[in-house]
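Once you scroll down, you'll see the structures, which are given as structure tokens.
One chain, subunit A, links the two complexes that follow: it is found with subunit B in the first and with subunit C in the second.
Then we have the complex of A and B:
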């Protein structure tokens, strides 16, 4: 009995030391705390290079944004930002490890250095940008909260919904937004909130409530779970602005720039018509802007602390923004989302990236 | 007198022939009579007739509701369910006409091709495809060892048991993670020497060469020395590069994580719980106080908050860059939590043992540990087998809580699978939950049956 106990204690202790020890060793040159900003300068890139992969925080499963496929590989437009950063840093988009995070854990995980970047459908708000020691590196999807109603209600506008039962998920800003909207327009409503998205859909489908509200990308995803999707319509009103984008720790400007310009490079590539298929041949194009982007002219990569073909790697391995959009959330995917405001500025949207020059 | 009565009284020398039981007590007829008709055929008085009629009414009602529900379930799970997706159209295989699929509009049943497609993810999570054999080998080895220990006809059960508790965790850890952790050989050597020194001190203390105080602590010092050496040797073993591709715990998931958490919790909580229970009933005030505080603390906080503290708060307290493995944090939380519950179950058993047993053990001159091992614990643990297995089953089901800290256990993997829009349909969530529930049932029911078997075996003397 005693010998067995000793053995068990030793094994537990060994396991503790093993796990703790390995991760400590591996992440020894990790970034410093956000409070000691001077020490944090340009530490993340070195740490990432030393360990050989980007640790990227993603959601626990949001269709089209970050979601594990049948084999367990992560896919989605948020995941593509992570892969883009890995391609820029290592020239290999597969050098990413994913940490699925709940909405409560995500900022702690980033602040504590558990992850190098957060790409988890996170809304850019002033509070988060100024009070949490974080920086938003851009916007990769402009979302907004919308309403889904059964067509048979005959409602054409959200302003006709006085006294409605509203289904929503708890613990998100959707509750707050919908409360604001109804109060602002002097309407009464009854909020029916559930913990799980599936419970919300089930309640809405069974007629427990008249309207289902969440981000419009979410409405598109959940709509296919209704018994008769065509009997429901999305109302025209968008009651909130939800610019979603990748987040990094405050105080490491180099890493911040790498993430920001990874996103910018993907958007610029779409604007210039550079795709994963033609990126290699376009590198010798006559257009100087394309040459600068793909590294055949200038030293833009070196200024970021990367190789000069950083953007070429991103685009040839991950694709441009449009390709990523079409592959994961566009009209040919289960989500069937039109580009809408997420189209390029030159095509009627608001996607506008600073030029590479 | 007695001799006379012997002669005058008839004494039967041969047993009377045993008559068969009455016809209506035997076979199907008897069964029907005892279980169905007995309570509904008495109309001898008004009250008896009313009772019989009420029984008929409730029997019919309950059978009707039960059979309807059973039929609905079987229909949902088997008869109406979609079993295959030969054309690879994914979610459209489980869509009704109004959704754009081919099934009738009133169709509502399980969508099994979705589960089949997610089977790898549900079992292993994102573990690399090419390395799955390592998980399989670990699992089969564990299963084989477990069966060996549980089946009584096999030889060397004790040896196999000890190996399962010592060598197996080491092999499993190396197989699952790939081993080859970084080790500091200088530190390891130094620690081993420190350990040897401590053992020497312990030995000297046990021979009363270091004065009274030291001899009291001798066994503890020796124990610390041994743990130190075993720990360092294990670290060195883990650092051997066996040529396996490293797979971090971030890539573990599904049933694999559920089993790792549950098995670790179960294996550690029982011995730790026994020690805590003995400590709580000990005469030594410090040990008693410490054990009581430990037990009451861990019983007083919900597991969900323990896990949350482990995953969200601990990283904030640690220095930047020092990153404790997330799975390890959850494992420690689960272990300590279940040990506290186990301690109280075992304490119940200890208190059920008659005081005479303790006194008898002392009277025989047994030491404390001898009397516990030989006399008290075997009886106490036998008493509380149902409670122990209850805790095991509870722990097994509680492992689903790790999904809130971002570990994809079986349920978490299921929830993540539900979020896959390429399979989205109204029955997507129900199918996954049914499947996950079934897997949990198999494990929990298995533990429950084995516990009943153990009870019957160990408490033959007490069975009525």
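Then we have the complex of A and C:
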């Protein structure tokens, strides 16, 4: 009897403590709006430092962008952004853990805090920037939606596609773009939308669809998975602007800056001729711009909340943008993508990063 | 002091007080959890600059959906239809699979369940192998198997397998069948059909009553079809045959993408739907077969023997003695299988069948970004569909269960 009495008292006490405790927690952030903001500002960087790695959202397997090999090692230009951030924060590019996400899961995973940043061939659009509570930290690949068709159909232009069966992936802007394109040109089509990219490839390969549409980089990557990649061609039309880039949660400006400047550092490094091989020696170069980038002059790293050799670590461990591009998607890789608009502004492209000064 | 504490412990140990006390505690804890969850959600949404609201339901949707019953029923048109239409198209396609799946799975399940108890060696082992394979392979894999391995090897979009001498056709883009076009006046024919069903039902009741009283019934096997066909047929002729058909049209010439089956002729069952229906039906039928077998075995063998000693044939024994008694055992687990089938239809998202999860909680969600509202709507929808199914099955169960006298 006594025991039961004690148990009840204990439960009541615990409940009171629980209620009291949470009401205190609730009041804590209330006093001043500015205080909550400062608290949010450093939240991600501190959390990342505390757990010792960057949790990075990537694709479920898109060769050249983010793809895991047989041993589970992730590679690609999207992965290199994650590794760059890890190098900037920890001085060690390997301190990244990857979360493969479907296009449907990606924003929820980021918004809920499951991942610290999203680097997953994600298009920067106004809706996503303004309505989803997210911020795009830059563009690491300028892409556009295109069409892949079997060469044997003899189609030369996307304008000949009236009546086609088109396969795509759900949860992407591709569905909207392709619908707009066909409406605009007064053509009919039938859309078959799968959840997984691999299912789209399988359906296209089996002939369920005549046309496969997604970003052209994606087409180049997925084509390598087809039974006979050479029997298919990408049509010349580009029907959308798809600037792909890394994404962070809105409201944490410091973390946003770290991701943005990691990307900027890689682009600037290519422009200045700093590579993974020569970064250490070039830190003592005469050029002040290079000195500022590599941390031998000024306190730019400290302003980001990082060490001063943040960019040196990125470039020596991950490489500059050009190295990353050549290694994963360039002409010497299975994707065979020319630099095109993704060349530096000084070389006929539109890649242009703000200077470090 | 001593008396006081004695009073307190007497108060606490009072069964009634304790009863109420625990109920208050549980309800309090529940209410607190709900409040905490909601408050937490709202606070976090606000921090991320997002708001709650169902305003998106009137926005127009800008993406194409593949031709299915839902898009036909709601006249889906890009740039005109709203997200509300998308929601109802999703529900229609989910319900279509659920209803067809339940009907076919029940028929196959009952057949296979009875086959497993057959004395025929071949039938029995065929049924056993079927059940063991189907039940032990994950449903998603079966879905991929039917879609990619079976339907994936059909002729390409510009070839076909003719069926019924060109009345229909089959290729990788779907099964093409003649489609009815209802002319004015068809409504009356339909009404006549319903009326003939009611008359047939009344006739069967009269026949049953007569048989109960005199032991002599009508031969319903001929009377009922005759009633239905004559009443509906006469109305059909009087109304001037108000039903046309359009037949699938297959073209071998013209622009490459215009070849194959034409959009505006006949109707198409897309392969995604066929694969989902096949996979769900066969999978659930495996489970239903076991439930039916268990139900039949649970009826005491004495019942069968008693029936045989009365001179009833095995088929009549099964139909009139065993099955009615087995039904009361079969129905509760059968209800669970029906619910499972309905919910499993959401796996169809993997092979591009545009059901509720795929187009509303998938494509539409990605365009609108209202996770909480949309997932809430989808969850509520499944809940309501499941509750209606349970309600109906409970009603049916109450009708067939043993009436204690």
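Criterion: the second predicted complex is superposed on the first by the 284 of 357 C-alpha atoms of A that agree within 3 Å, B and C clash if a C-alpha of one lies under 4 Å from a C-alpha of the other, contacts with A are read in each partner's own complex, and residues count from 1 in each chain.
Rule of thumb we're sticking to: a residue touches a chain if its C-beta (ideal position, glycine included) is under 8 Å from a C-beta of that chain, and two chains touch if they have at least 3 such contacts.
Owing to the predicted nature of the structure, the values given are computational and were not obtained by experimental measurement.
> After superposition on the shared chain, which partner residues are touched by A:178: those of subunit B (first), subunit C (second), both, or neither?
second
> For A:224, select first, second, both or neither according to whether it touches subunit B, subunit C, the two together, or no partner.
In the superposition, A:224 contacts subunit B only.
> In the overlaid three-chain picture, which partner chain does A:264 touch, first (subunit B) or second (subunit C), both, or neither?
Neither: A:264 stays clear of subunit B and subunit C.
> By residue count, which of the two partners contacts subunit A more extensively, subunit B or subunit C?
When the residues of subunit A touched by each partner are counted, B comes out ahead.
> Return first, second, both or neither, reflecting whether A:108 touches subunit B, subunit C, both chains, or no partner chain.
It touches subunit B and subunit C both.
> In the overlay, answer first, second, both or neither for which of subunit B and subunit C A:203 touches.
The second partner, subunit C, only.
> Please indicate which partner A:194 is in contact with in the superposed arrangement: first for subunit B, second for subunit C, both, or neither.
second
> Of the two partner chains, subunit B (first) and subunit C (second), which one does A:97 touch, if any: first, second, both, or neither?
first
> One more residue to check, A:213. First (subunit B), second (subunit C), both or neither?
neither
> What is the contact status of A:240 with respect to subunit B (first) and subunit C (second): first, second, both, or neither?
Neither: A:240 stays clear of subunit B and subunit C.
> Under the contact rule defined above, give the subunit A residues that sit at the interface with subunit B and also at the interface with subunit C.
Residues 1-2, 4-5, 8, 11-12, 15, 18-19, 22, 26, 104, 108, 111, 196, 202, which sit in both footprints.
> Sort out for me which residues of subunit A touch subunit B in the complex.
Result: residues 1-2, 4-33, 47, 60-64, 67-74, 97-102, 104-105, 108-109, 111-114, 196-198, 202, 205, 221-222, 224-231, 333-335 of subunit A touch subunit B.
> So in the complex, which bits of subunit C are touching subunit A?
9, 12-13, 18, 21, 25, 28-29, 32, 36, 39, 47-50, 62-67, 78-79, 148, 152-153, 156-157, 172-173, 255-258, 263, 270-272, 349-352, 354, 358-359, 362-363, 365-367, 369, 371
> Which residues of subunit A touch subunit C once you look at their complex with the stated criterion?
Per the stated touch rule, the residues are 1-2, 4-5, 8, 11-12, 15, 18-19, 22, 26, 40, 103-104, 107-108, 111, 127-128, 131-133, 153-155, 160-165, 167, 170-172, 175-176, 178-180, 182-183, 188-196, 199, 202-203, 206-208, 210, 249-251.
> Mind listing the subunit B positions that touch subunit A in their complex?
Residue list for subunit B touching subunit A: 91, 96, 98-100, 105, 117-118, 120-121, 124-127, 129, 162, 165-166, 169-170, 173, 177, 181-182, 223, 226-227, 230-231, 234-235, 238, 248-251, 253, 267-268, 271, 275, 311-312, 315-316, 318, 320-328, 331-332, 335, 369, 373, 377, 403-406, 408, 412, 415-422, 424-426, 428-429.
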